[in-house]
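Here's the structure we're looking at; comments come further down.
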Amino acid sequence: MTDVLQVENLSISFGGLKALDDLSFTVSDHEIFGLIGPNGAGKTTVFNCVTQFYRPDTGTVWFAPGVDRLVRAGHAGTDRIDLVGQPVHRVIRYGLVRTFQNVEIIPELTVLDNVLIGGHVDFRSSMIAQMLRLPRARAEEAQYREKAREALRFLSIEHLADQLAGGQPYGVRKRLEMARTLMAEPRLIILDEPAAGLNESETEDLADTIRRIRDTFGCSVLLVEHDMGLVMDVCDQICAISFGKFLASGTPVEIQRDVRVHEAYLGERDDA
Amino acid sequence: AGGAAADTGTGDGSSSAATDDGSGGKVQGITDTEVLIANSAATSGAYAPVGVPFIAGIQGYLDMVNKDGGVDGRTITFLHTDDEFDPAKGAAALTKFIEDDKVFAIVGHFGTPVVAATVDTLKESGIPSVYFATGIGQLYAEDATTDAEGANLFPVQPLYRTEGGIMAAYAAGKFGATKIGIIYTNDDAGSDLEKGAVSQITSMDGVDYVEEQVAAGAADVSAAVTSIKNADVDFVIIAAIQGTMPTIVKELAAQGVGKDAITSYVNVSSAMSDAVSADIQGKFDLYGPGWVDYSTDTAQASLADFQANVDSQYANNVYAQTGWIAASFFVEGLKRLEGKEVTWDSYKAAMEEAPIQNPFGGTIDYSNGQRKGTQQMSLSKVVPVSDANPVGWEPVEPLQSIDALLGK
Amino acid sequence: MYALAALGIILVWRTSLVMHFAQGSMGMFSGTAVAFVLNRTGAPLWASVLVGAAVAIALGFAVDFAVIRRLRRATAVGKEIVTLGLIMVFLGLAPILFGTEPMLLPKAIPDGALTIGDAYLSYNGLLNICLGVAIAAGLFVMLQKTKIGLAIRATASNEQTARLMGIPTRRVTVLAWAAAGVLGMLAAVMIAPATTVTPTFMNTVQVTALFACVLGGFQTFYGPVLGAYLIAVAGNFLQLYVSSVWGEQLLYLLILLFLLVRPNGLVGKTYLKKV
Amino acid sequence: MPDTALSIRGLVIRYGAVEAVRGVDLDVPQGHVVALLGANGAGKTSTLRAISGLSPVAAGSISYEGRDITHLDAEKVTRLGIAQSPEGRQVFADLTVEENLRTGAFTVRSKAQVASSFDRCYRYFPRLAERRSQLAYTLSGGELQMLAIARALMASPRLLLLDEPSLGLAPLVVQDIFRILAEIRAEGTTVLIVEQNALQTLKIADYAYVLATGRNHLEGPAADLIQDHALVEAYLGSGGKHPEKNTKETP
Amino acid sequence: MSTTFTAAGRLARNPHVGYAVFGAALMTLPVLAGSGLMMTSTLMTVGFTLIYAIVAMGLNLLLGYSGLISLGTAGFMGLGAYLAAYVQDDLGLGFWVAVLAALVIPTVIGILVGVVSLRVRSIYLAIATLTISEILLKTFEQAEWFTHGTAGKQSHYPVILGVQADRALVFGIIVVALVLVMMLTHNIVHGQLGRALHAMRASEVAAQAMGVNVLTYKLFAFAVATLYAGLAGALYLFFLKSSYPSTWNLFLSLNVVAMVVVGGLRSIYGTVVGAFVIFAVPELVLKRLPVIGDVAGLPYIFSGVLIIVVIMFFPQGLRGVWDVGRRMASTRRPVSAPVDAARDEVAAR
C-alpha cells in the first residue's frame, strides 16, 4: 500500500457550472504532488472536496493515513476510508491538514498560539480539566507549547513566537500557516498556492522547506501553485487539469513537454 | 409573621406614640426646623411622562406649605432621584434615603417594579411611607398592626384590584350588564384590574364574562377586539392604562362593537378623552371611575391652589395632581402632630387617628390597621371638550363603594 | 408600519452593517416632533409631517456627522452599542423638549373602511399598506437599478474599497441614516393615531421590526416588508384562534423554528465564505 | 524628461508604533511604467495605499500633476483619475462580477465610455465575461485577481496603481497581463506597479525603485537594473526573511 | 531575602492571585459601609455592578472570543432570578439548591436553544436570541404560579449554612462568585479552549480545518454565557430580594453588551470596568453632579452620551486606556496597534 490519497471520479457543479468533471488522481506516500491548471480550472475546488468543505456530487476520496491513525480516529479494521461525508472538523484527525489560498490566521493571537491551534485535535484534556486548570491540563499545555516552538523553529520563525500574528508580514504568515499544519502530525499536507506573493529567493526557500517537511515528517504533500519554477522544482508527480477535467499527468519533465498543458496553461516557453 | 418583627414597631401606635421615644419611637430626618422626606421615581426615559409631573405635584404642594412657614415651624425638604424604573436602582436609592440621608418618611414611592422590590425593605425599616404610585396587591392590608404587616405603609391611590372590583360593580350595578367583556393588558395594571374585576364578577349572581389579553403598549389589538365582538357582550371593561387604552377603544369603535365601556381611573384625563372622543362619538360611551370628585367646594379650592403652585404645563395633568395628593396626605399627618413630639410611631398613630380628607374629594380611613387605599370611586364619561367641560369628562356618579353600588 | 420601521433598519444595515437599535427611538422622536407641531401650532397634518421629516433628516445627519462618522475604528458591535446610547439620548430628550403630556395624532384618512366578507380594513390601514409596499418597491428599484443603489451596496460590502472606487461613502451613509430616520418617522406617524404619542409608543415597533428583518432576511428590501405583514397577520391569527395570553410567545417560537429551517430568512441567500 | 505625473517626497507611514514607510521618495513620469519592488514588508503596499488616500500619512508629501494630494480623501483621489487594483483583491464579495466592474466606473459620467470600458475588460479577460452574473465571492483566486485589475481599468484612469497584479494568476494569464500593460501604456496611461515577479516587471517598466524596510534602496532605468540583476536579487532576496533584523541597512 | 522576593514576584505575576487580591479589596467595602465611611447605598450599587459584571463576563466570552452576539442575556438572567426565588421561597429548598437550579436549568435551556439558534449566523443569531428573551419575558409575565406575574416576585435574604444572610453577607457572596468567574474565565481563555474559540471567530473555515467542531464550541461558549447569566440572576435575586418581569428586557441585554464593548472585548478586568461605567457611573457620579444631576432626565441622557463617547474615543473599549498606558510605560512591545488595524479589517468584512 503506497497510496495516501486516491481521488476517484470526482464531480461537482455550482448551478449550471461543472467545476469538476469526473476527475481522478492518486497521491503516493512520501510524494510531493502538484496540481496545476488555468485559473478557475477547479484546483481549489478539488481541495475543498477533499477536505469536505464542499460535498462532491459524485466520486470518492480514499484516504489511507496508516492503520494506527485510523484506529486512533475510531476506524479499526480498515486501511483506508472514504472522506466524503465526514464532517469537516474530523478530517484533520486522519492526518490531513491544509493551508488556505488567502492565509487564514488569527491576528489577535500570538504566533505561538496560532500554531497551537494546529494541535487542537490531539489535545486530550477535557473541557472541565482545562477550565479548572488541573495539573494534567497544565502539563499537556506545556508539552504542546514545546511542540509548537519546535514547529516554529523548523520554519525558522521561532524568534517571532510571542509577537502577535496580526502585524506579521505576508511571508511570515505563510510560514506560520505551514508551522500550524505540522502540529497535527500530518500524513498529507495540502498547500494552496504557497508561493503566491513570495519573491524569487523566498520561493527557493519554500521549495527547500517543503522537501524538508516531507523528509522530516514522512508525509506527502499535495500542492497547487502557479509558480512553475517551484512546481517543476519540488514535485515528484504533477497532474494538470482544465475546466474541471483531467488534462495530463506525469513527472515535471513529461508535463513540460506536453503540448496540451502548454496550450491551456503555460503559454510560451520562456518562464520556468 | 408578626412575632418576629414585633420589636421594630410597637403595635397600633396609640399606646406608644406620645411617650415612648427611646426604643419604639424611632425618629430620623427631623429637626426643629426641617423635615426631610424623599422618593425615587422614573423621571427619565419611558416613564418620564408619569414621573416628572408627579414629582412636580409633590414639590408644588410642599412649596405651598413651606411658603406659609411649614408645619409647626419646620419646612419640608424633599429629596428625589431618578431610578429609571429599574428595581435595582430604586432599591439602592431607597437604601440611600433611609440609611444614608436618614429621611423621616418616603412620600410617593413610585412604580410597580421598584415598589415590589422594596416593599419588604420599607416594612423592615418601619419608615412611614405615604402614598404609592402603583396599585399592586402587596400594599393591601385589612388590619396591619405591625410594620411587618405594613402598618407603616399608607396607600392612597386606588389599588388596581379594588378598582377592578368597582368597575365590575358599576357594570353590573349601574349598567345592568349580564355578560361583560374584559380586555386587559399583560402588565401589572391590566392583570390586577382583571383579577379584581373577575373576582367581583364571580361573586355576583347572573353575571358572566369573557376576557382577552393584549400586550401592554401593543399597537394592534384587532384580534382581541374581534373576539370580544364575536362573544356578543353587553358591556366592556378596558383594563389597560396609558397608550394601550386608546388603542383598544379605537379598535372597538372601528370594528363597530357599539357597547358601552369602562376603563381605569388612570385614563380619566383630558389627553385620553381627546384621544378617543372623536372615534366613539355616537357609537358608544366610555366611562371611567374616579377617586377624586371635583364637584365639591373643597376640591375646587384645592384645584385652584394646585394650579397656582405647580408649573402651568401641568395644570390639567392627573399625575401632577396625584403628586399633590401624596404630599397633602403626608402633610396632614404632620399637621396632626403640631405641638407634639414627632416620631415614626407618633406619626403613624396620627395617620390612623381619623379619616384623612383627599384634597380632591373623598376620604381614606386608616384606623384599625386598614390599608386599602381608596375604596370609593365616582364615575364620569367622555364628552366632547367644551368651555363648560375643558377636561372632556363629565361626572355621572358621585363617589360610591362597591356595596353601595350593588345596593347592599 | 412595522414594514417601514423594518425598512429603515435594513437600510442602515445595508449601508453600515450596523444593527440600528435606535430606529424606534428616532422614529419616536421625530414622530413626537410631528405631534408637537400639530398640537401646539395647529398646523395641518401634512405640514407637521413635513416638519417631522425635516427633523428626521436633521437627526440622521446629526447622528452621522457627530457620531457614526467618528466611529471608523469601532467594530460593528461598538456601533450597535452606540445606537443604544442614542436610544437613551432620544428617550431622554423627547420629554424634555416636547413636554411630558401624551400627545395625539389624527389619521391621514379619518374614516371609512373596506369590508371584505368578515374582515374589514380601514382606508387608513389600506393607505398604510400601500405606502409600505410602494416604499419597499421604490427602494428595491433604487437599490438594484440605479447608480446610487450600486454605491449603497458597494459601501455596505466594503466601505474602504468603495471609497477607492470614488464612491462618496460618507454621503451614502448619511443618506441612509437620514432616509432611515424619515422611514421611522413615517412609521411613527402611521402608528400614532392608534395610540398616544409617548416615549414608549415605538417599542413594540422596534422589536417587531427586528423580527420582521430576520423573518424576511437582511439581504433584500422586500423580504422584511413581507416579514412585517406576515408577523402582523400571523400574530392576529394566533391571538384570535389560539390564545390571547400565549399567542405572542407562540408567534416568537414559530419565528425561531422558521429560522431553523431557513437560517437566512424567507428570501435570504446563504453567504458562504469561500476558501 | 516628460512631466511628472506623481511625485512623492519623504513619505512616512506609521501603524501605531510600527513605522512601515520611513521616508520614501519616488517620481512617476507621465506616460511611463514605473515599477516598485522590494521584499515582503518593505512598504510597497503602504505606499500605494497612501497615494490613494487609504493609509494615514505621518510625514512627507504626495503630489499628482502638481497638486498636493497628501491628505486627500480616497474618493477624491480617485476622481482625479487615479485607480488602484489593491492588494488582496478587495472585491465586493456580495456583488456580481458585472456590478463590481460597474463600481470601478463610478466616477465615469459618459455612458458610452462605460460601455467601451466593459468591452475592453471583457476582451482582456474573457473569463470575466463568462462569469459576469456570478457573485464575486464564488470566483476562483485567479478570477478574483482579474476582476480587481479589470475593475481598476473600468475607471479609464490616467494613473493606474497595480499591487501585485500577477498574484495567483496562471502563467498564460501573467503573460497576458504584461501584454495588456504594454497596451495600456501605449494609450498614454501612466502606471505604477508593485510586483514580486521582478524580472518580468523590469522588462516592461521604464524605471524602477527598490524599497527595503521602508526606505529607498536602489533606483534606475529598468533596463539597467536588469543588467544589474545580481544587485537586485541581493536586495530583493535579503529583506524578506527577517525584516526586523535588517535595521542596520540604510542608504 | 532575594528568594522570597522572587517568590513574591512570581506570586504577584500569577493572574489568579491578582483576582483574589481584587476580591479581597472589594470585601473591604461592606466594612467601610458598616463604619459609615461609605454610603450603604453605594454598597448596593457596587453589588449590582458586580452582578452585571458576571453576566457581562459570560457575554464577553461569547462575543469577544467566539464572535457570537446574544441579545438574550436578560431572559436567561431573569430565569436564574426566578428559579432561585422559586426554589428558595416557594419550594423552600434553601440557598444551595436554589443556586444550583439557577445555574443548571438556564444552562440546559441555553444549550437546547443553542442547538437551534447557533445554526444561524451573526445578526440572525442576535435576533434569534432576542426572540428567546422575549418569549421568556412574556412567560415571566404570565406564569403566575412561578413568577407571581406582573405583581413582582418577592424573596428574602437566604439562609446559608444556618446563617441568616444580610446585605453585607450577600455582597460577600457576590464578590466570591465574581472572583471565581474571573478565574474560570481566565482558565478558559488562556488555553486550548480559548484558542479554539479565537480560531472560530477569526475564521470558521480555518477553525474547522484545524479540527475545531464549530457547533460544539459555539454551544460551549453559549452554555458558559448562560451559566454566568443564571448565576448573576440568582445573585441579583438574593441581593434585591425581588424580581420583576419587565426588568428582563431587551434594554438590559443591550446594556450588558454595552458593558462588554465599553470595557473592551476579551478583557476580564475590562468587563468589570465596563459594568461599572454603564451601571454605577450614572448612579454614583452623574446623578450627584451639580447641574446635570439636578435636572430630571439629564443624567440619563448623559449615560447615553457617555457610552457614545467612550466608544468614539476608545474603540477597543476602556481596556485600550490600559494598553496605551502600558505601551507608554514600556515601548518595548508596541504590539497592539497593528492588531487594532487587523481587527478593523476583520470587522469591516
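Every chain is named by a letter (A, B, C, D and E) in the order it is written, and numbering of its residues begins at 1.
Here is the rule we use: a residue touches a chain if its C-beta (ideal position, glycine included) is under 8 Å from a C-beta of that chain, and two chains touch if they have at least 3 such contacts.
Chain by chain, the UniProt names read as follows: A, D = ABC transporter ATP-binding protein; E = Branched-chain amino acid ABC transporter permease.
Small disclaimer: the values here were computed from a predicted structure and weren't measured.
**Q** Going by the touch criterion stated earlier, list every chain that contacts subunit D and also contacts subunit E.
**A** The common neighbours are A, C.
**Q** Taking each chain's centre as the mean of its CA atoms, which one is most distant from subunit E?
**A** Between subunit E and the rest, the longest centre separation is with D.
**Q** Take the average of all CA coordinates in subunit C, do the same for subunit E, and state the distance between these two points in whole angstrom.
**A** Distance between chain centres, rounded to whole Å: 30 Å.
**Q** Please tell me the distance, in whole Å, between the geometric centres of subunit B and subunit C computed from their C-alpha atoms.
**A** The computed centroid separation for subunit B versus subunit C comes out at 37 Å.
**Q** Which whole number of Å gives the spacing of the CA centres of subunit A and subunit C?
**A** Inter-chain centre distance comes to 47 Å.
**Q** Once you find the CA centre of subunit B and the CA centre of subunit D, what distance in Å lies between them?
**A** Spacing between the chain centres: roughly 74 Å.
**Q** List, in ascending order, every residue of subunit A touching at least 2 other chains.
**A** 44, 53, 100-102, 104, 167
**Q** Touching at least two other chains at once: which residues of subunit E meet that condition?
**A** Within subunit E, residues 138, 142, 203, 205-206, 297-298, 300-301, 336-338, 340-341, 343 contact more than one other chain.
**Q** Hey, what residues on subunit C touch two or more of the other chains?
**A** As it turns out, subunit C has residues touching two or more other chains at 88, 91-92, 95, 158, 160, 245, 248, 273, 275.
**Q** State the interface residues of subunit E toward subunit B in the complex, per the touch definition above.
**A** 39-41, 44-45, 48, 138, 141-142, 149-154, 156, 236, 240-244, 246-247, 283, 287, 296-301
**Q** In the complex formed with subunit E, which residues of subunit B make contact?
**A** 43-45, 48, 51-52, 55, 81-82, 84-89, 91-93, 95-96, 99-100, 112-113, 116-121, 136-138, 186-188, 190-192
**Q** Within the complex, which stretch of subunit C touches subunit B?
**A** Touch list, subunit C to subunit B: 1, 88, 91-92, 95, 99-104, 110, 113, 120, 122, 191, 193-196, 198-201, 203-205, 232, 235-240, 244-245, 247-248.
**Q** Which positions of subunit A touch subunit D when the two form their complex?
**A** 14, 37-41, 43-45, 101-102, 156, 159, 167, 169-172, 193, 196-202, 205, 226, 228, 264-268, 271
**Q** Would you pull the subunit E residues touching subunit A in the complex into a rising list?
**A** Interface residues on the subunit E side: 184, 187-188, 191-193, 195-196, 198-199, 201-203, 205-214, 220, 266, 335-339, 341-343, 346.
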